[in-house]
Amino acid sequence: MPNEKNLLRRWLNGQVDWSAMLEQQQTEPPKAAAPYEPHWDAADARRAVRRGQWAYTTLAVASCLLLALFLLLTVANLPPYGSDSAPTVNEVAQRYVEKGTEETGAVNTVAGLILDYRAFDTLGESFVLFTAMCAVTMLMNAPGRRRVRKLDQDIVDYYQDPIIRTVCKMVIPIILLFGIYILLNGHLSPGGGFSGGAIMASALIIYALVWGGERAAKAIPAKTVRIIVLCALGFYACSKTYSFFTGSNHLPSIISTGTPGRILSAGLILPLNVSVGFVVCCTMYSFYMYFRRGDV
Amino acid sequence: MIMTIFRLILLVGLIVCAAATALAKKPMQAVIIYMAFSVIMSVVWIMLESPDLAITEAAVGAGITSLLLFLTLRRLNLIDQDEAHRRHEEILKKKAPTAEQKEEADHAQ
Amino acid sequence: MSFVQNFPFFSIILCLLCAVVTFVAGDRWGRRLTVALLSVSIVLQGCVLWFCAHNNISYAYMMGHFPAPWGNEIMAGVLEPLMALVFSVVMLLSVLGGMRHIEHDIGDGSRALYWVMVDLTLVSLLALCYTNDIFTGYVFIEICTIASCGILCARESGRTLLASMRYMVFSLVGSGLFFIGVVYLYSVTGQLLFPQLLETVGAVWQNGAYRPAVTIAVGLISTGLAIKSGLFPFHTWLPEAHSQASVASSCILSGVIVKGYAFLLIKIIYRAIGPAVYYATGVQNILLVLGLGGMVICSVSAIRARHLKVMVAYSSAAQIGYIFMGIGMGTQVGMLAAILQVINHALTKSMLFLSAVQLSDASQRHMDFPHLRGAGHRDPAAGILFTAGALSMVGVPLFAGFIPKLYFAQEAFSLGWQRWPVLLALVASTVLNVLYFLYTAVLIWLPQEEGCTCRRIKAHWDEKLPAFVLLALGLAMGIHSAPLTALLRQGFALFSRY
Amino acid sequence: MNGMFSHLIENYQACVAVVLFAIGMCMLLFDKNLLKKVIGLDIMDSGTFLLLADRGYITGRSVPIISDGVTDMAHYINPLPAGLVLTGIVVSVSVSALMLGLTIRIYNKYHTLNMDALYLIMSNRRKGGRI
């Protein structure tokens, strides 16, 4: 067994070839006990992993404290908490509150803010979700050497449990309804597309959890999810194109803000909330479906 | 005054939860403490007069993120016993798997 | 308002729509759409550049019905469309040049999504170039992070996964620091849009009460973007990520994405904080020191690398050191040289990656130096490309790499205490570059060993042509740089004007 | 110095926020377990959001939802931080999902979540060889 120094030298000389061992390991057909066997020379690996553990912990704690100190010094220089004369209470915030309802039609100024004044950010944000959804799909759907590993998911069939089934049957519509309520009232009360979509997704997730993945995949196929995302994002981008284009070219816009406080008001905010809600709901649901499956 | 004390308790709770997550030995513990963290966070949003954020945090942070973390744990078969730790130790110790573990592995495959 | 002024917005929204359509269109149509999109983007950016340079204006474009401090805006001067144009050109040529490898490296199921990721990378880069709002910058930085992680891990191998994980960790630390810096800046100024930030930060700095907060906010924003660009002590993720990806991804990651963050930093310095305040905070000195360290130390690492792509990736880290050295010099000519270096590096590095992979194709897909011996004889076109890239990286006159080095060296004499360290690092870095790049360039032209089974391979002109276009652009920049520098000077003059 | 301390105590919520940020960032950077890195990321983001929302709060004012037709700024808190945090929360959940996907793939490939063991495999790549 080589000692530690020796190992380091051998390693630097490129004589210790972990990767070849690992690659060999992967190309073998998966045997029953394969994951349990050591992949590399265990004593060497143990030393390499444990090496500098103490220094590592010290470094972590020290840098944590240093960073905290640094940031706290800045906080000591910030304006006092809750003061109404802070620099953030300026004409920007004032217009959002005082003119917001008049200009966007939304009673909830936060909704008006994110979907009308700063709509470009929110467009970007929906596309962050979309990007993550694509990336996760790419990661989890990677074809080729797919190895099916059975998980313990089949041990408990929640559908057979009368209590769970009955309660879920009652609860899922209520959750869905609550999600839709939050979604549609985004411009009137707290909530909006993001929270409403997440709540709707949670109802779908409960359904998939209890009724099983196959039935859920049959009820809401992956293709439908894709098409909903396509339509919602397409609508979002197109409608915002219209409003950005008219806004920046100083053209009149045909969208009226309606009477503030009504459910059908606030111009584009309600449909945008709905499309954001669908995007969020579909993204979260497909995250769940990708994460629950046992194959990689 | 009472509200300030309540707020202080919540904030201390946040710090304690964050520190506990950092110090937790097993991923399972860390995930559960993180859930508690998110729930406290959503109450803090209420205290900060931001109900939008409270709803979103409760649905997204405490709900979806924690669910994804749990699903990851299940995908890695780490729910019941902390297998990552055990497997890792095993690899390091180069201990031949016992008959019991072999059986378990067969089962897992 | 001229119709051309809509083009930055059109290119951004077109990319978004294209990404959504590609998501359901599948691989074949996705590829066509992406190539078409990149070409259209080049045309659009070219029009905007011509418009701005011809009329000598820089204009804000409202994203919605509300003007600056309230609504989102994008801003186009001369530099923004110029950078967007360079990024689009390099991306198009890298994608075309790496097409055959994309088909080989990326599984059938992932390829359609790969094109979505390329579209989204393009949109995030365009938005980073054009943004006039610091929070929009943050959102698109995150899109860029996720999309670049996607194009990195599209290649099916364990090591790409590990490289992506490491890349994500560093990137997210970078975005976290950037975001908290933005929050500090917001809490002392109350503004998010660049023009108003510029005004308020100047006033706050004059007033003096919040100077430490502004300093730390600026420092955090700079550090965050530096980590994401892979500046020296934070570069450890970079060689692994850039060398493990498929070649088109390597070109995009190394040639374009890290430059996007660097350009955003330059834009924030000029448009949001103001050079005077930025230099008064002293943050630029840290960037200068780190840049100098990166130039030397990453070059040393490149010498020690025994894998061609890893060597090229380490040289990227060293070249990023040059960019941040230019930012840290604290003068406008330094900044100008930094932008020249961005353009030079984007063109040359993509060409180097493309030719490196072609050389390894000619050597039975080996990437280590013993196997690459004589590769130039087996694939002369790739050998010429690599040699030209190596000469450019070293800074031989007539090649693109010479121009920024010339400006750096000239500017160094006008500096104070920084003069000698900068000159010393420039010389050391050039010598090290000569060591590893010319060594490789000579190695590939050595006569083949006796009994070598590798033979001359059939040239794939579809992947050589884009690399030759990159070479031609680099030579054009190296031989006749006057129009480019004039354009950059005009752009910097427009930066300080709204 | 004294003034700084009183300022810190006044800004106690921001202090908690930056401490959360520091804990989260160090978990993200230094924790060896990939899953805990992801949790660290979420804690770091929460810290930033708390700081941002804390900056937007104004004592004694209420939610920025216009009620009874009162549109005077003196009654409502600043809505801008809330909007930014809402954007940030969604960004943070997308990034965590991506990180978790990577974690699963890595675990299935190498059967470990320990970053050190993974680095050991990775650093070996420096020596070259086939791509």
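We call the chains A, B, C and D, going by the order they appear; numbering starts again at 1 in every chain.
By definition in this document, contacts are C-beta pairs under 8 Å (C-beta built on N, C-alpha and C of every residue); 3 or more make two chains touch, one makes a residue touch a chain.
The structure displayed is predicted, hence computed values, not measured ones.
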item	value
Most distant chain from subunit D, judged by the mean position of its C-alpha atoms	C
Chain centre separation (subunit A, subunit B; CA means) in Å	17
Approximate Å spacing (C-alpha centroids) for the pair subunit B, subunit C	38
Chain centre separation in whole Å, for subunit D relative to subunit C (CA means)	27
Residues within subunit D bordering two or more other chains	12-13, 18-19, 21, 23-26, 29, 31, 54-57, 61, 63, 80-82, 84, 86-87, 89-91, 94-95, 97-98, 100, 102-105, 109-111, 114, 117, 121, 125, 127-129
Overlap residues in subunit A, where contacts from two or more other chains coincide	14, 22, 26, 35, 39, 45, 49, 71, 74, 77-78, 86, 88-89, 92-93, 96, 108, 110, 118, 121, 125, 128, 131-132, 135, 139, 142, 149, 190, 192, 194, 287, 291
Per-residue overlap in subunit C, given as positions that touch at least 2 other chains	135, 139, 142, 146, 149, 153, 158, 180, 186-187, 306
Graph class of chain-chain contacts, one of line, ring, star, complete, other	other
Interchain contacts (touch definition) - all pairs	A-B, A-C, A-D, B-D, C-D
Residue ranges of subunit A touching subunit B (in the complex, touch as defined)	30, 32-33, 35-39, 42-43, 45-46, 49, 108, 110-111, 149-153, 182, 190-192, 194-195, 198-199, 201-202, 205, 284, 287-288, 291-292, 294
Of subunit A, residues touching subunit C in the complex	14, 22, 26, 70-71, 73-74, 77-79, 86-93, 95-96, 103, 116-121, 123-125, 127-128, 130-132, 134-135, 137-139, 141-144, 226-227, 229-230, 233-234, 237-238, 240-241, 243-250, 253
Complex interface listing, subunit B residues touching subunit D	7-8, 11, 14-15, 18-19, 21-22, 24, 27, 30-31, 34, 37-38, 41, 44-45, 48-53, 56-57, 60-61, 64-65, 68-69, 72-73, 75-76, 84, 87-88, 91
Complex contact set, residues of subunit C against subunit D	135, 139, 142, 145-146, 149, 153, 158-159, 161-166, 168-169, 172-173, 176-177, 179-180, 183, 186-187, 192, 239-240, 244, 305-307, 309-310, 360, 365-369
In the complex with subunit A, residue positions of subunit D that touch it	4-5, 7-8, 10-15, 18-19, 21-23, 25-26, 29-31, 54-61, 63-67, 71-74, 76, 78-84, 86-87, 89-91, 94-95, 97-98, 100-102, 104-105, 108-111, 114, 116-117, 120-121, 124-125, 127-129
